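Step one of this worksheet: look at the structure below.
In order of appearance the chains are A, B, C and D, and numbering begins at 1 in each one.
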């Protein structure tokens, strides 16, 4: 949970949205609720850190219990604390939108999606499109 | 290279072989020639280390320039050295069959596959089935 | 790719430019497209971190798909995010000019050069001189 | 110390010996007495871990004050201790011949050479040939 089938649906939906938008090549990861990878794909041409950044967005969302958009906004006002969390977590937090918590229809956290490759706004929009395509929920208050 | 399409074909072929054999749940990763992830899938029920072991098999094959079956055989006769390589490489070497180098039709290394979840013999057989299914070559002397 | 001969030509060209300019002692590294070292030289008198900084400039350029001059400029406006990338990448990103992507004549990324020792402007100028001397291309839009 | 010129002479001498012998592609590193890289070259076709293994051979020789041939022999009789040293040193010790201490003509340690790529005997022979070619001394009792 998410099942591999759900993770595949999330990635397929995210990449379909990316191609509709003409986004730069993306890396997309789906983690389970424990932060462990379920599925990952890197589009041809995406640069080498995209995997690590996507994973750190998804893991960071789970780690703080909040999408990385909100975490990044809080970090802008308190960078020293969030830098200390980045280091304390072993680099498992990327302070940029594009890490989105995945919830089941009852609202329980089942995992997270992380995307890196384009602007953080595009990354996040593709993550949300993927979660929608898989018939799951997203967001802190979904 | 492998392209994402090739990596997907490798994973699909490996998991089809796993289901034909009734294998335990597997994790399958495809790395590019530099050791960076292109695609990954973990079947439902696979335990948490399967990702890390699969990655360390694939990376270790690239790192030593040999499938991990041959590396593991050499390690049995010289465990202290291979333990030191495991540490020197930052854990990027798993001493068990199931890490297989992927070559293009001209014999050039284009990446590696790593699989973990069942016995190392089954893991390796599924990796080779996946490479075959994608129309690529494997093995040091292919 | 770059071949060892090309990497030697890049380093020789970079250090020749450094001596023409009377630069401080430099460390120069050439990485392949996967971020693995091909060749390295540290001039007498260069301090101990120069190797690590040069490598983190070159690796960071590959990791983000952009010369470190552009990355450093973006980091000035968003330091918390780029600090999180530094940690997520295991320290493989130095936020200063002097990491330059190397392309072949068709524009494909074949590796990167990283230089540390003088100001970042001088470091970068020597990196570009080295790439030019080797008959290769540089820059995101070359 | 070794100077960059000396390090270049060591590498050139080592690779000349390797080509005379028809050795597999090698990675050769020269470290200063503090264990910091002075120069490195990886021949085309050498696999990805050769850098890390060569460095761990050279650093390990300095770390224990002995060529890695002798360290590996001691490790065979006491693997648990040497494995603990491998981990305690952060992976800076490879338990295989091919790490050779470099001494000046007065016998003082000035650095170390590490080579990886062929058998440990060939690696070590090339390291010694390189030190000889540079007009320096090697060995614990030189």
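What we mean here is this: a contact is a pair of C-beta atoms (placed from the backbone, for glycine too) under 8 Å apart; a residue touches a chain by one contact, two chains touch by 3 or more.
Worth saying up front: this structure is predicted, and the values here are computed from it rather than measured.
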Subunit A and subunit D share contacts with B, C
How many Å are there between the centre of subunit B and the centre of subunit C, using C-alpha atoms for each centre? 31
Please report how many Å separate the Cα centroid of subunit A from that of subunit C, as a whole number. 30
Whole-angstrom distance, CA centroid of subunit C to CA centroid of subunit D, is 26
Residues in subunit C with touches to at least two other chains are numbered 34-36
Touching pairs - complete list by chain label: A-B, A-C, B-C, B-D, C-D
Contact residues on subunit C for subunit B in the complex? 32-36
Subunit A - residues contacting subunit C, complex: 46-49, 52-53, 55-56, 60, 72, 75-76, 79, 82-83, 86-87, 90-96
Within their complex, state which residues of subunit C touch subunit A. 34-35, 60, 62-66, 78-81, 83-85, 87-90, 92-93
Note: in the complex, subunit D contacts subunit C through residues 3-4, 7-8, 34, 36-44, 48, 51
